[in-house]
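Below are structures written as structure tokens.
In what follows, chain A forms one complex with chain B and a second complex with chain C.
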Partner chain A sequence: MSAVKRVQQWATFARTWHVFDCKWQDPYESAGVIKKYLMGLHKPIYHPMNDCGDVVVCINSREIALRGNDWRQRAYFHHTGYPGGATWTLAWELHSKDPTMIIKKAVYRALKGNLQRRHTMERLLIYPGETIPDDIKQNITNQIRQIRLVPTRLDHIPEEEVQKYPKVMEYPEDYVLK
Partner chain B sequence: MNSLVRAGFSFAKNAVVSTSIRSISITRQLNLKELRERTEGSTLVVEGVTVPSPRTNLLVRAEDLAGFEPSEGTAEKPCYMCSLGLDVKHTDVLILSQFVRSDGCMLPRRITGLCKRQQKKIGKLVTMAQKAGLMINLTPANCQKDPKKRRLYKKFNTYFDEKTIFMWRIPKPTDRFKR
Partner chain C sequence: MVFLTVTNLIRVRGPDEIWRKRKIFRLAAAFIGRRRNCYSVAVRNVHRALVYATKARKLKKEDMKELWNTRITAACEQHNISTFTLKEGLDRSNIMLDRKSLSDLAAWEPRTFECLAAVAQKKLEIDGFIDGADKKHPTGVNLNLKDVMLEQWLKEKK
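Our next item is the complex of A and B:
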């Protein structure tokens, strides 16, 4: 095997480390994307028996966004196994207790329930804030594109730009400015 | 019928409170006004100052744009938002902030001049933007001006789907087979 071919072989089977910024992302939408990278489905060499999955590092998991009423309507079920041991935790309660849990459970649900699932989940690293430990940061070589646009708050736009923006509505002549 | 009732009501009101009648005026009395309060010694002076609208030069209308074709045959003229045909999302705070008061309250239809459907749509989009905390500077004075300081489930980021505004109008996939 020539030197070039050898390097190509290493590059093909090496694990790539991806970073995914969860800011204003729906965890259930992003779980489908993260799953693809965790399992290695984006690679042409993919095969279920082929260990070609990548590592995904999720940052800013505290800043995830749920749709509509989901924070107070989505419940997470857990049963301790004892009689009367069932609990239903609302999404916002779970997120205040552990800001990494919702995205973890979303990815866990997106993966197929086979023996490989627990091992695939080991390759998902989630951090609630922006900071990543240095030993993990030095491996990262790729960033996964965000699905949703991060919205801009009106008070973060400069006042001058808000004034200069083209206007659609005109006040009627007898309007008292408030 | 509605206008008849209103006319009758205003006539009765004018008959009772005759001082508020302002029937003749030489100059245009109504104009865009700004209420200014100042204290002179021990008296509070509230005056309405006539100001020019800051928006007139920046106004975008479908008639002024290139490639505008007026619709023919229909007596009903579409309102300015319908004729512009913008796809407004709840994250477009620069557009939505034009339809609200300084306390973040949606303006009524007699001021916005929209049609009923657009008024409802913009009103709901404003609600979505406010719930998502995107127009936090346009809120009542007792607001803490930080979405993270809200209580319980309200302190977390929320996004909305604009399709839910007119949910009953969305055609089903099987509707294309109908005549």
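Our next item is the complex of A and C:
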């Protein structure tokens, strides 16, 4: 390593593309993590005037998990500007209309309300399913760790494994399972 | 009716009025429109600007501290340690670096910072200090003082 190249850092200001799997994640918790990467808060060169934010691609936004009874209780407010133009859409309603909207609004809310916010949001790409367009997929180089572990659903465990699993006792033959 | 008495002179504040106003106009030189040309408007805005300047002296320091903290946290995250570990470890090993120096090292001399982080972690390990910090999302590679400081340096072709 020569003396000149010792401090050469070509890719310092390059944008990295991250992928975040929203499956079974709380959108309001994950918004904090996504925000960090969108704003570039994870880089030691961060400065508010420094355009060092990355691109985050969220996948599986249809599979998000809300807390408690948020699906039924959380209402999203919108006003058309005309008298009587206020609408309150419940979370489950909004999610069935547009499965990317809840995570988008969560991240938008997590960001600070300044002039940069809408430009930062441009760098957030959300897809309801697992499929990402190829031109975007080829840029991705990193995966953001999920906040919560996604457990395997009991009915998704293969039948053989269930059979093999050690049991304490067998149910009697005439026992009726609810 | 003409008043020739002293009551006429109440409005006159003295012969050096122009110099008194000039002091204000000098401070208002960078303002726009009537704020810089019209004394009665200028003086109000200059007073307000001076109040802002007074408050900003403190805010500037707070802002810088926040920025340094952000940078140090980001750098610590890369090396898989918490900011608390770094601070406690450096304090214990008698390395008295402040936030500014640490964040400068993190931004401009990442390798130096890596070594410091490794030293801090090793020190806590030697002391038997149990770091209660929640490390749910480790992002970087675990540091090892030996790898960071010695072996890599030896391997490098000079």
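The working rule: the second predicted complex is superposed on the first by the 148 of 178 C-alpha atoms of A that agree within 3 Å, B and C clash if a C-alpha of one lies under 4 Å from a C-alpha of the other, contacts with A are read in each partner's own complex, and residues count from 1 in each chain.
Throughout what follows, a residue touches a chain if its C-beta (ideal position, glycine included) is under 8 Å from a C-beta of that chain, and two chains touch if they have at least 3 such contacts.
What you see is a predicted model; the values in this text were computed from it and never measured.
Mind working out whether A:P172 is in touch with chain B, chain C, both or neither, as first, second, both or neither?
First partner only.
By the touch definition at the top of the document, which applies to A:R72: first (chain B), second (chain C), both, or neither?
first
Which holds for A:H42: it touches chain B only (first), chain C only (second), both, or neither?
second
So in the complex, the part of chain C that touches chain A is made up of which residues?
The touching residues are 67, 70-75, 77-78, 103, 106-107, 110, 113, 136-137, 139, 156-157.
Mind pulling up the chain B residues that touch chain A in the complex?
Counting only chain B, the residues touching chain A are 28, 30-35, 48, 51, 53-56, 58-60, 80-81, 84, 86, 91, 93-95, 97-99, 101-103, 110-113, 132-138, 145, 152-153, 156-161, 164.
Taking the touch rule as given, give the residues of chain A at its contact with chain C in the complex, in rising order.
Listed in rising order, the residues of chain A that touch chain C are 1, 33, 41-48, 145, 147.
Within the complex, which stretch of chain A touches chain B?
24, 26, 63-68, 70-72, 90-92, 95, 148-149, 151-155, 157, 162-178
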